[in-house]
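As written, the chains take the letters A, B and C, and residue 1 is the first residue of each chain.
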Amino acid sequence: MGDPILEVKNISKTLGGKLILNDVSLSLNKGDLKVLIGPSGGGKSTLLQCINFLHYPDAGDVLLEGFSAREMGRRNISAFRQEIGMIFQDFNLFDHLTAENNVAVALRKVKKQPKKAALERAKIELARVGLADKGGLYPAQLSGGQKQRVSIARALAMDPKVMLLDEPTSALDPELIGEVLKVIADLSESGMTMLMATHQIGFARHLTTEVIFMEAGRITEAGPPAELLNPDKRSRAADFCAKLSELMGSN
Amino acid sequence: MNSLSTLSLSSFFSTGPFTWDTVTFFLGGMGLTCLLIIGALSLGLVLGLAMASFQVYGPRWSGLLVSLYVWFFRGVPILVLMFLFYFGLASQLESLIQSWLRSGLPAPLKSLLRFCFGARGSVSPFACAVLVLGLCSAAYQSQIFRGAMKSIPSGQFMAAKALGMSSFQAVRVIILPQVLRISIPAWSNEYSILLKDSGIAFVIGTMETMARFKAVASSTYYYLSMYILAGLAYFVITWIGVRLLLALYDRVRVPGLAEVQSADIL
Amino acid sequence: MFRKLIVIFALAMVLSVPALAQDQNKVYINGIDANFPPFAYVGPDGKPTGFDVDALDWIAKDMGFMVEHRPMEWSGIVASLKAHKIDMIASGLSLTPERATQINFSEPYWTIKQVVVVPKNSALTLEKALTTGLKIGVQAGTSDAKAMADTNGKNGREYELVEYPNSALAAQDVVNGNIAAAVMNDAPAADAAGKIAVKIIGEAGIPNEVFAVGVAKDDPDTLKMINEGLAKIMADPYWQELIDKYKPGEAH
């Protein structure tokens, strides 16, 4: 399949005196959908935020299509971040802007596109996530699922090479999870490279190329879902998923 | 003439030493006060926003500097600052401006300096008052904006950066528009407080509203009526300003935008 | 939209400053007490006026320079002169040894007595006013205030001094009854007696003073100019006109 599009090399990070990430490495090929699972506090969010250097890792590097983030330096890191889309658990929409403007704002300010072109693109992306008629609404007027879909549209508008999703459905009511998962599935099918931290095991099982289990800042197990999540195999991952399924009801 | 007669309308309007010139004199004072306030508030706004940004989003050492600034200007009385600045620092500032005017600065900058400070580079009492009041107001305004900034979920800042915006851009495009909107109620408080403080400008020679009413009161002994009028004058300026701010607040309101402790103003 | 507002504000700030910046040509600035009738005060029409103001205007016209009268708080006026914020003080400024160490004085142009002012219908005698521990008002920062403080407790004098920003307020408070009497220069006392219900009952027993124009120590040119002007005006009939107009020292 060629060189990996995203390489995470030996990332370590200490926050507030605690070692959150301990020598973590992984890689993504183009079109992969890989899933990060594991107990809370295991470092999944921090890892994702280190990949686009929202947090600067203490050690290690991230290579996007061969370009090293470290070599870009602090000044140019925003260029690096433009190529990586990020979806947050709490949506993090800009409250003072309409859905359309949420999607268009980065196009105007970062890519310096003219207002009209940016809005056109915004409308296209909103239509892609099924929100064509909601462009003029403010985040406060949208449901959780709609907000998350807007944030996906916002990330997509920047034409990222890779998408990082940090528990995108964890803050949603159960009946709204489906609409977001559908968008993510569609994205994956259209070839987007994605790394997603999630508790949605059922979803993961069918779509991912690899399941990565993280615990206490280290990747302890990784492998295709059939192997890792096979209840017959005695793996931490499988145990974890079984417990999750119990809590959330079978999926 | 006892104090009772000073209250009666007839003695006020018909005889007595008052003329239309008196009215224009007072209106002039109110105009001066308004200019004083506008200048000081804008200076405070620009500085206050910058300082709040540094406190919340900047490196730690900058936040420390801002804290020092705020402590200083909250602790030292404005009167002392006025004297210190006008009789002390102003002359240093003047020498500085004069040396700038003589040096090789680009022409437009020089004309700006001359425009503000006159050909001699002198700091007028009015300019000094605007500066001191502005610097003080900046201290208080920075804390208003800081509170507003902290009430905006930090995730939005992260999302902005994740999209490729620099910290500066993120603050300007995402944070500031929200901060300004939600700060309006608290800011209108600062407006009315600064208005009362502006009377202190008289100690360095600016004949603003309070000074003018006092002067006429002393020369005519119509103390009670003059002071009532003065109170009315300040009330009117306060009322108009706050009404305008509230109208602005309504216009820029966005559904669902987090609201900071708003002082419920009528 | 907000950016526009901020720009407007910034512009307003910058533009409002020069609106009252100082003049480009040399205008001599005379710092005056805003509340010291009849020598210097602000009339109900808002214009600085008074004996000293008119005299200085005459001198300026005669000798060919421009003068601007700037009312300010009395307590800061000497500091203003020393800092060259103003060029002179022609505003009923008393010549005292302490002040002479800080600034220069012109030739004296008026002698002033310090008098005691009481309510019009009061039966207070001069002796009672000064020796029975009553509250007496003075203008803060003046030489008579200092003289009153210095002589308190000596030679049987006994009173409690209350300070006021200006003598007019002190006179007003006599009417209000908050103080028993006030001590001030005879000219503002007469002015007060003409306007409100007070009367002068005699001299306050502190040394007479002279008024002179104050000039900064490092400004000999202005001093020379003022002295020339004073000599001229005091020899001119206009001087008597001014005295008749303002009647400093007499109740009117």
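Quick notes on this one:
Everything below uses one rule, namely that contacts are C-beta pairs under 8 Å (C-beta built on N, C-alpha and C of every residue); 3 or more make two chains touch, one makes a residue touch a chain.
A quick note: this is a predicted structure, and the numbers were derived from the prediction, not measured.
In terms of inter-chain touching, the protein chains here are arranged end to end in an open line. Nearest to the overall CA centre, using the mean of each chain's CA atoms, is chain B.
Here the CA centre of chain A is 77 Å from the CA centre of chain C. Separating the CA-averaged centres of chain B and chain C is a span of 31 Å.
Inter-chain spacing, taken between the CA centroids of chain A and chain B, is 47 Å. In chain C, there is no position where the chain touches two or more neighbouring chains simultaneously.
Residue positions of chain B touching 2 or more other chains, listed in rising order: 177.
The touching residues of chain B, when paired with chain A in their complex, are 152-153, 155-156, 158-166, 169, 173-174, 177-178, 181, 254-258. Of all the residues in chain B, the ones that touch chain C in their complex are 1-3, 17-19, 21-22, 24-26, 28, 32, 35-36, 38-39, 41-43, 45-46, 83, 86-87, 90-91, 112, 115-120, 122, 124-127, 130, 134, 176-177, 180, 202-207, 211-212, 214-216, 218-221, 223, 252.
Touching chain B in their complex are the following residues of chain A: 49, 52, 54, 78-79, 81-82, 84-86, 88, 90, 92-96, 105-106, 109-110, 138-141, 151, 154-155, 158. Residues of chain C that touch chain B in their complex: 1-2, 6, 9-10, 12-14, 16-24, 31, 34-35, 37, 41-47, 70-73, 75-76, 79-80, 83-85, 166, 168-169, 171-172, 175, 192, 195-197.
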